[in-house]
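We call the chains A, B, C and D, going by the order they appear; numbering starts again at 1 in every chain.
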Amino acid sequence: MSKVIKVDYLARVEGEGNLFVELSDGRVSRVEVGIFEAPRFFEAFLRGRKYYEVPDITARICGICPIAYIMSSSRALEKILGAEVPEEVRKLRRIVYLGEWIESHVLHILMLHAPDFLGYESVLSMARDYPDIVRKGMKLKGWGNQVISVVGGRSVHPVSCRVGGFHRIIRRDELLPLLKGLGQARDYARELLEWVLKLPMPDLKRDVELVSLRGVGEYPILEGRVVSNKGLNVPEDVFENILVVEQAKYSTSLRYALKDRGHYVVGPLARYNNNYDLLDPEVRGVVESYGYGAPLHNSFQSIIARAAEVYHAVLELEELISNYREPQQPYVEGVVRRGVGAAITEAPRGMLYHRYEINERGYVINANIIPPTSQNLASIEEDLLALSDKLATLNLEEAQWLAEQTIRNYDPCISCATHFLKIRYVTHPKP
Amino acid sequence: MWVSLTGLYVGRVDSLRVLFDELRRSGYFVVGYRVVDGVLRLGELSSFDELAQGVEDVQGPGRYSLISGSFYRHGPDSPKKFLYPPYLTLFKVSSGWDVVVPVREVRRLAFFGLKPCDLASIKVLDRVLLGVDDYYESLRKNMVLIVENCTTPGNTCFCSTMNTGPRARDSFDLAYTRLGDKLVLEAGSVLGLKLLNVLEVEPIDDATYERFEATMRNASEKARAGFELNGLPEELELRIESKVYEKVTEKCLGCANCNMVCPTCFCFDVLDVPLIDGSAERVRVWDGCLNFTYGQVAGGHFRPDLWARYRHFVLHKFAYWVKQFGTFGCVGCGRCITWCPTGIDLRETVRSVLRGGKSG
Amino acid sequence: MRKLKVAVYKFSSCDGCQLQFLNLEDELLQLSDLIEFALFYEARRFVGSGPYDVAFVEGSISTPHEVELIKKVREESKVLVAIGACATSGGIQALRNWADAEEYKRYVYPRPEWVEVLRYAEPPSKYVKVDYEIRGCPVSKDQLLSFVLQLLKGKTPPTLPVDSVCVECKRRGNVCVLVAKGIPCLGPVTMGGCGALCPSYGRGCYGCYGPMIDPKPDALNARFKELNIKPKEIQLLFKQFTNWSKEFRKVVEEYE
Amino acid sequence: MGKYMTALTPLKATITRVRTESWNVRTYYVRLPEGVELPKPGQFNMLYVHGVGEVPISVSDLDVESRVVAHTVRFVGSVTKTFELLKEGDVIGFRGPYGIGWPMDVVTGKNIVLVAGGIGLPPLRPVIREVAKNRGMYGKLIILYGARTPEDLMFSYEYGDYESIPNTEFYVTVDRPSDGWRGNVGVVTNLIKHVDVNPSDSYAFVCGPEIMMRFAVQELLKKGFKTNKIFLSLERRMKCGVGLCGHCQMGPYFVCKHGPVFPLWFISRYFWVDQI
């Protein structure tokens, strides 16, 4: 007897994807997480653009995590230009990036993911039974968006960031009003974390390699070495060299594996496990008081990592905003010259890799972007295989829901995932 | 309107600081020019040191920059920004139809170092808004005007032609002129008299007077537009179908920057904003005749072509305004020339129209 | 009052415009009392069948599948609203319209024959009647809300700003970056609605709301030339997020 | 509250009746708020729809006793379209009356020729009412009315009343007749040449689209009307109604304040100028 779990249009994810699971004889025989998002050719039309346009253009890959695209591309290009941003500018970048983490994570926890754990089809219906946490979560998300808006002008595709820093100095008197909402944000972030820690957690244990940046003295966002729970430790510049690319025929996105190591996972769970010691002690305290800690291996528990990061982000923002000093110059210029530069930053969904090659007049001649969701696709399918027994016992409706929830564990951003210029480098390696 | 009460007196330039402090001490919010991001901005100053010093604005059609120097004119802001704010909520109406007009704080403003053209712009707005706009009126009644006469008009200035400068003749509380480290002062109101009393001044001596007159004469020569005001409204209206407007408008973007920076443009639009709680508000916002929507009605448009909108701007300032309010709408400050992104020169337009025939 | 039945669709896009519904943190729950999100994949598993009172459509039409879908959306929606630069002008994807699509496919895909895309990425209005447009990359959530509230009051078309960014820029008290700094700015030809964000943050407008009503891009182009801005840079300025709009396209073509 | 805010803040008014005039025109009867003076023929009011906007609408009828004023609205713009949702008992915002109306005092004892095009009839209806009420005070009344199609004709239910006013002629025409139309066909300005009055003794009141008014004026001039005997009611964009917002300027005149009714000589310098 065989049954088919088919979801034509994955809901509560960013972008367009579908799911096909075939079970025969009580085993999952085929899993396909398809992506039918239309290809948008970003890497192709980045060629011929001026280097300074790249952050604004790549931001348009994803409306949920534009800051991540802006930061990875800016840092990659700054490497070529030899532009080292001063500490104040770096701190401001951290501020705006943490704002995005809050906005994106709370969106996912509350509006996309938590309804699964409690059996609601959406946050709108969940809000009827959980009005308090939904209201608080929305406020918290709003505060995160406000952080981005103050620094960036608007929360989706902000306008103030540029290669080398910011277009103008963001004044202290603009940032300080954010502190007014901070007390509330802190309380709500803690409540949200505690609420998440109490959610019923489906069981799924799988031994996977969890890859993230490793922070130095602070939780990683903007930079760091690439590490894993299985001993990987390389600089960002060589990351691309240790990757293998696969392609599934049923999807328009690529999948990635680590050379000689296999599939891997990026994202909040990886960050959390690899940098647990760098989380604010207050955050660890709350997590541990509910019997959790690190490492977490169940991908359903990514929601805990996300909530922990939200609380951490609020606490760190308090520190960063209170101590903010205006930089002398809003940005550093660097020298336009021919070169190649690569950088990784931690998007809410995990490591976002950008590499650019520009010519002596500052025009892009090659671009490669590896978004987190592409890196996780293979693992998503493996999770579904690992749930095989359970899926086989459930009725179709329940099985379908569990399968969707499993996918949503990864907060997949399918809009991002359709950027896979990587193929070119694999099939036609450059000398 | 008031005129000079005292005639001219002489003091020292550093007494401006005393004057500033006196205004602050008397509870005024002092508004003057300061340098922000390389541009002279009109804003509230908490100390005399914030006032722009040692800079000069270089203005030309579509160009503005600051260099070091000893005399400056102005920036894009004019007193309009304070007296006739760009956004003003007219009323809020609840879902149950309670109409509430927001209570507005009326601050006691002291404009410090305004140039005569800007003083003139307030006089023009007075004609339009006094007795009509009560918010304007309440600000205006509580206001002090300290005017700095213009010793060096800029490239886009034409106050002499418009009879608004370079020397302020009336309607100020105190007018001063910097001559090196000397300050020539004149009070135009009782309040100005009181302020003058705080400073140490002497009646003007012959030598200083001559220097003052020469300086003003020179300044006056620099601020001419190349046309005369006598008969100008009639001359322009006779040439109402001039083709010059179409020609000039080839460069025009229709962006309405000229309207926005003009210190006398008072047209407004209203925004009706429905809110999620079922209430609504109505907000008055600056509008300008260069905007396409300005003359648009449902199912029609009175000035669909940009040249017609530009012609309205020119004729309003130099012809219609006189009929409407008994004064020219233009004060010769030159802001619309400087801040036009493509540098369209109003003076040149007027000259061309006058040069051409009825349809030239 | 009956709730307005709303569908939110995505075509080739980044999700940022429909996300603005979810970014209405202070209003979303109240809003869901006034309108029913009958179809909104990004937010709900539940899908209510059509017909819909209003469909908000994000993204441009760039694949044959999307052509079919937009026709279906049109059929089952009383009012179709295009939201954002992609849905109103083709958006960022339209950058590929300027190049050889086949070359692009080969550049990006090892098996280009699997990739089925249209020659041009274009706004839905190319294929179906679009009733209203909300501009911006992304749309402003305030405009989105205001649009919905006006629609609920029966105001058609709901009014949104259509004059230049300059008007909002000056109302906001900004200094003209073009005049004072010589920074190339598309504000004088771009439709307002953003509140002049870019000049407020010290840079020139990049035209993400597309051409304003009755724009004069030729005059601005001429001014850029006078200011000695390099031809390629002028082209890139107009060739951004609304490059495929009729008025900006003309300037881009001049430099092709 | 100061003068300005009073001038720009609407008063609450209740709709007492809604009457359908044509497929896209309805008349809204509004009871005047207390303290508001009675409008005169040719004046207009600013009507505000909650959270939607405000529009200038001329007075199309007036009941002095009950202080109910009629406003005939065509659903063309985004604000007027929302009027379609308004019904008896609804509240709207009211400001007015504004502007200078038809010069009824000047035309005492004279013949009056009314030329109305389309939505131009409602502002002239109070003139017809006034003449009917005080028939002895005026000379001959000639009403010329044109609409695009028979379906666009307004107030057809009272044409009999017009015709029964002593010493009155009433002519209707349509541009595009539909089946069954037996009346005149053609633009309303064509009717002017057939009018039998002595121009030196007569006044013409014209209201309609701007283009129609230009043709009407040409015909009236040909007929021998002097420019001080032709009165026009102009339409412009209006946001305030009191001469402040600037939108309604025609040349130096604020249509809302100096008009909307002007004698031709007063505006003739600008009236013929393209896009003035």
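The rule is short, and it goes like this: contacts are C-beta pairs under 8 Å (C-beta built on N, C-alpha and C of every residue); 3 or more make two chains touch, one makes a residue touch a chain.
All values derive from a computational prediction rather than experimental measurement.
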Exercise. Centre of all protein Cα atoms: which chain's centre is nearest to it?
Worked result: C
For this session: Please flag the chain sitting at the greatest distance from subunit C, going by CA centroids.
Result: D
Problem set entry | Pair of chains joined by more contacts [C-beta pairs], A-C or C-D | A-C
Exercise. If you average the CA atoms of subunit C and of subunit D, how far apart do the two points sit, in angstrom?
Worked result: 42
Exercise. Using CA atom averages as chain centres, what separation in Å is found between subunit A and subunit B?
Worked result: 52
For this session: Please work out the Cα centroid separation of subunit A and subunit C, and write it as a whole number of Å.
Result: 25
Exercise. Subunit A to subunit D: how many Å between their CA centres?
Worked result: 64
For this session: Mark out which residues of subunit C touch at least two other chains, giving numbers and ranges.
Result: 26, 149-150, 153, 159, 202
Seminar exercise, completed: Multi-chain contacts in subunit A, i.e. residues touching at least two other chains, fall at 168
Exercise. Which residues does subunit D have that touch at least 2 chains other than itself?
Worked result: 50-53, 78
Exercise. When you check every pair of chains, which ones turn out to touch?
Worked result: A-C, B-C, B-D, C-D
Problem set entry | Residue numbers on subunit C that touch subunit A, as the complex places them | 10-17, 19-20, 22-23, 25-26, 28-29, 32, 37, 41-47, 59, 62-63, 65-66, 91-93, 95-96, 99, 104, 107-111, 114-115, 117, 137-138, 140, 194, 197-198, 200-203, 206, 208, 233, 236, 240-241
Problem set entry | Complex interface listing, subunit C residues touching subunit D | 149-150, 153-159
Problem set entry | Touching residues (chain side subunit D, partner subunit B) in the complex | 1-5, 7-12, 50-54, 76-78, 80, 91, 93, 209-210, 235-237, 239-240, 242, 244-247, 249-252, 254, 269-270, 273-276
Problem set entry | For the subunit A and subunit C complex, residues of the former touching the latter | 9-16, 36-45, 47, 49-50, 53, 56-57, 60-64, 66, 103, 107, 111-112, 115, 121-125, 127, 134-135, 138-139, 141-142, 145, 152-157, 159-160, 162, 166-168, 247, 249, 252, 330, 401, 404, 413, 415, 420-421, 423-424, 426-427
Problem set entry | Touching residues on subunit C, where the partner in the complex is subunit B | 26-27, 30-31, 145-146, 149-150, 152-153, 159, 162-164, 166-167, 170-173, 175-176, 178-181, 185, 187-189, 202, 212-216, 219-220, 222-223
